[in-house]
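Think of it as A, B, C, D and E in the order they're written, each chain with its own count starting at 1.
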Amino acid sequence: MTPQIPVTPAPALPAPAPLDAARRAIARQRRIALALPVLLLAYLFHAAIAFDLAGVAGRARWDNAVTLMGDFWSYKVHVTRQNRDGARPEVSIEGMRQARFAPDQEPGWVTRRPDGGVDVALPAGNEVHIAADGAARLVVDGTAYDVAPRGDGIAFDIPGPPAWMNASDRRLTATLPGARVTFTRARTEILRRQAGWELFFFDLQSPFYGRSLPELARLAVAGPQLRPGTPNIAAMGQDFWRNGIWHHGDVAWAMFETVLMAFLGTMGAGLVALPLAFLAASNFTPARLVRQVARRGFDFLRGVDALIWTIVLSRAFGPGPLTGSLAILLTDTGSFGKLFSEALENVDGKPIEGLRSTGAGALARNRWAVMPQISPVILSQLLYFLESNTRSATVIGAITGGGIGLLLVQAIQTQKDWEHVAYYIVLIVLVVMLMDWLSGRLRARLIGERA
Amino acid sequence: MTQRPIHNRIAADYRALAARRRSYSAILWGIFIALMVAGFRLANARSAGGFRAGLPQILDYPAELVAEAWSKAAGLPGLMAGFLPALVETIDIAAVSTILGALGGAVGALLSTRGLAPWPRLVPLFRRLMDITRAIPDIVIALLLIFVLGGGPIPAALAISFHTAGALGKMFSEVAENASLAPVEGLESVGANWLQRMMLGVLPQVAPDWLSYAALRFEINIRASAILGFVGAGGIGYELRNAISWGQGRYDAAAAVFLLLFLTIVAVDQASSAIRNRLTGGRAAR
Amino acid sequence: MRIEARGLTRIFGATRAVDDASFVIERPCMIGIIGSSGAGKSTLLRMMNRLTDASAGRLIVDGRDVLALRGAARRAWQSDCAMIFQQFNLVPRLDVVQNVLHGLLNKRGTLTALFGLWPAADIERAVAILDRLGIAEQAPKRAEALSGGQQQRVAIARALMQDPAIILADEPIASLDPMNAQVVMDSLRAIHDEDGRTVIANLHTLDTARRYCDRIIGMRKGRIVFDGTPAQLTTAAARDIYGAGAGFSEAATSTALEPQHAPARDPAYAARLLAD
Amino acid sequence: QEPITRFNIGVLGGENAQDRMTSNECLRKYAEEALGVPVKLFTPADYDGVIQGLLGGTLDAAILGASGYAKAYLTDPEAVEPVLVKTNLDGAANYFSIGIARKDHAIASMDDMKGKVLGFGDPNSTSGYLIPAVELPKQGYSMKPGEYFKDIKFTGGHEQTIVAVKNGDVDGGVTWADGLGNWEDGYNSGALRKAVDAGLVDMNDLVQIWKSEPIPEGPLVVRKALPADVKEKFTALVAGLIDKDKECAYGVASGETGGFKPVAHDAYATIIEVRKLEEQKKAN
Amino acid sequence: MRIEARGLTRIFGATRAVDDASFVIERPCMIGIIGSSGAGKSTLLRMMNRLTDASAGRLIVDGRDVLALRGAARRAWQSDCAMIFQQFNLVPRLDVVQNVLHGLLNKRGTLTALFGLWPAADIERAVAILDRLGIAEQAPKRAEALSGGQQQRVAIARALMQDPAIILADEPIASLDPMNAQVVMDSLRAIHDEDGRTVIANLHTLDTARRYCDRIIGMRKGRIVFDGTPAQLTTAAARDIYGAGAGFSEAATSTALEPQHAPARDPAYAARLLAD
């Protein structure tokens, strides 16, 4: 297509003014459009340097991340032999005393020898054999390595240990695919990684452990009572709830405690803040001083984070959900006070004047002309905060209060049970999403607002 | 006299309606009060200290802190100056995470807003993803990242960004939903690609509201980054934790950090609400 | 009831919004107050209802100065002296009946007022009044869902609910279209005719004042410059009130639907309104 | 003194909250039997939570760290009194601050740390900061950053210190161990042992570069304001726990123990002095 | 350029918005599409511009089916086939020149538009086009600050900036007052006359179509029921298109300023427009 429009620039233009104006307009836009990203990038660059991004990237332990990710969905079975007393090797999950396998429960890859020794099969065809006297033979890719505990260390004869082996005369660690084997004079330990959240439903003490789903379903409706006197379905519920490893009952309580803190804190703050908000609203409190005091009070309550309030209050109320609730209550009284007083300042004065003209008293005016106007604001703020406080309550609990946050943070800090961490995170995310959804629904129902 | 039955019927209907409404709200209030009372009693019972016993002691701790800080008041300005770098780090964390989070949120919002999304079928997927990022408390991400990256500001900034992206994404998307599609369609008709349509057709419309939400978020993120300091993610929160957990003897430092943090939060709060008011011309952002 | 204003004055900063206004109302009648914008009409009515305090002067009603009342006595006077506003001043989110019942807030106890536990008789009366004004069907709707004319009638119903001796109306039809304006003015007139209440209405159009009122008060710059019957309100007098030049045309202030239309003194209509 | 209506025990330690609850559940039961009032366990996340609880009177008993006891004592000498201390299997009631470094960094002792970076844990920790910060200068290693060490960093906790040493973020670090058992296992108990068991480090890669004087184990404290008979009964219960229920005693002591033996305030006089010293240093 | 629509069909749920529409445009001309609301006029244009996908049919332009184009090729076609909307569809917060320059989005890189890196020649051309449409003075203003008629001319300028072979206009004057409507229609006609571009405009008034178009297509319920010259469009034919009864009066669809006004084929005016 050939342009048929006769476009001959400058000379034909009647006046250069519009063109100049247009050029200036474009130039201004160009300045803004270029300056903004440049400023942002410059700032981020500065931050990257201030934060030592390069150094951190260099020091990042991606292998830790891999371990962590792996631990999220897998567990380790420990086979441990105490070399001191020559005891029988024990097999347990994550080395936990409560999760020690009874002889008949032991996994198939552990084979007991009649003489008291044990053979352990590892992934990728590797094997460990431990003799009754503690002397061990490690077979990796068909090559055998012998290690024996001694009085002052361990004895082995391995010229040029392979890369997966970390050996000294006191300790030998073999990091193998899906397994780790450690020898010291005190103990020989084999860890084998298995996928899944073992014992999630029933712990080893439960008669329902190790049964398949169809089997459990059958037991639930019919079949012999595995715990005489209790129907199987009830026994299953009890065993699940009182699971000694995953503590579902306690976790549920902790989760509930977290939601409780959020609920009490938010709603309590709403109740406290509402009357106070009138003091901070210029159209209800003409006295400047009172208003300023109220406002600065709100700023103070809000400016001190809930977490710090928790610390301040823990002296008076001790550990437990009460402190957390009150801390949320204090902070949110500040937030609500501000929000509500803003809502009050924005109320339409006409209905109030209408009521005043009928001779209605101040109480009646506030009840019938002010409340109907601000109640939608109040309600939607309350519900909005309820959801976000569920998250804050997790953090508060993590630091002093209790609840699921405490379980989570401690599980992370002790760096032991990552699958529990994953469990808690999933629970928290689900509950927060549920609260989000619920508060959206309630808002939509009660105020008729778009959810 | 013929109207009597008519307005009697209306009055009766209205009375029935009012009674229904009243009982509905009475039930709601009843449930609410019952929940509050039961919840409070439960919390009271599950706590080490009781509400009643604790109330008179509520000022013990602050009094202790203030007393010590007061007795060493002369040193406070010096202490505060000493904590400035940590404060700057906290603010940097908040700023970086607000920027990154806002960028992420903007992309998330555009991907998950009906009418704008380049892949309309994936809208629910992106929405759920944002719900999830929003639901994970930043402290969790920070703790996990500390495990990989070591302590310091970067895990904190990443953790807060992650959460911010989800939170802002939702708000941005609400704004974008109300944006007029006419300019977008206009641009589509000239053959503009998706990026051009969004940047030129949507962004100018939503920018004031988006910026105002981002300003609000910056304020929230300052607190968040101070809090993350508590778990070893650097910044002023770390100093505060050290001072506070040492207890007596270092309450002056605690007071200094606390004052600094409080003043910052109040200043940012005021600044952000001023910015928001200017951007949205008085429309409250939330 | 005798109402006497003596030297009513209200000063806002440097402006004398109402300046030494005096008049006597011997018996119930319908009074229109006219005047250009800023003449002080609203301020005068607001002083009478005690929404605005007077700077000086007295308002003597049946022998006592209502401007001196305080607290509960003042509110009791307000409940006896209803006010209707240009912008209706209803509570938009509440339903019509609740808005009407607000007229009783002064008379019922605190509990009723706080929890909205209205006696059945009150509700019936509210609906009856709404019916009288032709909007009973709207009773359960939210006030905000109604048209302007309907909302103003709800406001009138609230005023009637107060069962007041005097109804003050501050430009009741200024926000309404001509059609609704007529309905509202007809209602006010009927209230005066049938219930014998004094109605004082600020009006911004001459023809409305002429058509509906027994007596017209003209204000200019805060002062009462005219007080007489519609017949006495000549174009020259009007020009005086509005401070207008010779080019003044009455039509400029008109909002009438049909200028020829007669005031609503239709006996049949009055009978129907009286029926409750 | 009025009789108590309930008895709250604060439980501290490096275990996660759930495990702490489980391992102290038996103590709770025994205490309920002995005292005849409801007994509850609380597991705040850090030292401070327990100390605040004791100071505020919401907790009645707890096992504190030595430094934690010092803090409680310095804040309010009338709040709590130490009654018992846990002993190791060998009968000693001590543990140690241990300096560690990477074997391949050619550091064998603190003498090799000159101009290097030293990592501490939490500044509130006895072994992770307080003790080394006082002992090292006495041995000639100045604590002022830049004087002897190139820098001194707080990693935030024992676990983090160990990881930091392993990652090379710091050249040496200080953490705790009971000093019993073998180095290659990370000793019998302590932060090192936990890290080794978790697979975070391999002891083959680490060397011990320093060991502190013995640090007294933290005491079991009870609130001073408690009625004397309550104090007595509870003390007697814990003191006799090892004979009554060995498993339970292990749980309460969070590890193998030789039982609990009486202790008095004097045992912590040094720690309190150290803490005061540290405070003064901070003030200057 | 030859444009041929073959059996264009678009189905929305159960409605056949456009049903088997076929026509051929052999050489540039100005076409008006008329039909009552919901007849499918907009859908037809939107399909041609590829804003809406067709359910069936082909649109063959110079031998290739533009409905089959995807991605960049589709956008290239769109840039060759400008569209003007009833609601202008400008970016309200951006200034007029930028809105006009958007016509080049498909031809210049994304970065150019984002950072305002427009070549000087582009800006000159944009201003020249604005000048041709008589709104050069508005160039630096925000689009939202302009009147409807001016905004529509900005939209036309954007279309011209695309330098398209075809201009589609979907009820370009429906939101405008008669005065502005005429200016806009005059401009469209001038563009056809002077540049020789094909202009296809949906029009909701018969008289506009008659006055400005060379050819009129009538649609009813998605189908093309009329295709001919204005002369062939008798009242009977119109009645057919609008599905109206005998009471149908053309005036009902008229928006003309003065019905007697001659089409804008005033040579002087054309000369002025050509001046740039």
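As a working rule, a residue touches a chain if its C-beta (ideal position, glycine included) is under 8 Å from a C-beta of that chain, and two chains touch if they have at least 3 such contacts.
The chain list, named the UniProt way, goes like this: A, B = Phosphonate ABC transporter, permease protein PhnE; C, E = Phosphonate ABC transporter ATP-binding protein.
In this text, all values refer to a predicted model and were calculated from it rather than measured experimentally.
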Chains touching both chain B and chain C, listed by label: A
Reaching chain E from chain A through chains that touch each other, fewest steps: 1
Shared chain contacts [chain D and chain E, defined touch]: A, B
Most remote chain, CA-based centroid, reference being chain A: C
Nearest-to-centre chain - CA centroid comparison: B
Chain pair with the greatest number of C-beta contact pairs: A-B
Chain of greatest Cα-centre distance to chain E: D
Separation of mean Cα positions, chain E and chain C [Å, integer]: 56
Chain centre separation in whole Å, for chain C relative to chain A (CA means): 64
Chain B-chain D separation of Cα centroids, rounded to whole Å: 37
Averaged-CA centre spacing for the pair chain E and chain B, given as whole angstrom: 48
Chain E residues counted as touching two or more neighbouring chains: 80, 94, 114
Where chain A touches two or more other chains, by residue: 59, 61, 64, 311, 314-320, 398-399, 402, 409, 413, 415
In chain B, residues with contacts to at least two other chains: 47-49, 54, 57, 60-61, 150, 231, 244
Pairwise chain contacts under the document criterion: A-B, A-C, A-D, A-E, B-C, B-D, B-E
Residues of chain B touching chain C in the complex: 1-4, 6-8, 10-11, 13-15, 17-18, 22
Touching residues (chain side chain A, partner chain B) in the complex: 40, 43-44, 47, 50-53, 56, 59-62, 64-65, 68, 257, 260-261, 263-264, 267-268, 299-300, 302-305, 307-308, 311-323, 325, 339, 342, 381, 384, 391, 394-395, 398-399, 402, 405, 408-409, 412-413, 415, 421, 425, 428-430, 432-433, 436
Chain B partner contacts - residues on chain E that touch it in the complex: 49, 51, 74-80, 82-83, 85, 87-94, 102-103, 105-106, 110, 113-114, 155, 158, 162
Complex contact set, residues of chain B against chain D: 47-49, 53-54, 57, 60-61, 64, 72, 75, 146, 150-151, 231-232, 238, 242, 244-250, 252-253
Touch list for chain A against partner chain E, complex: 1, 3-10, 12-15, 17-19, 21-27, 29-30, 33-34
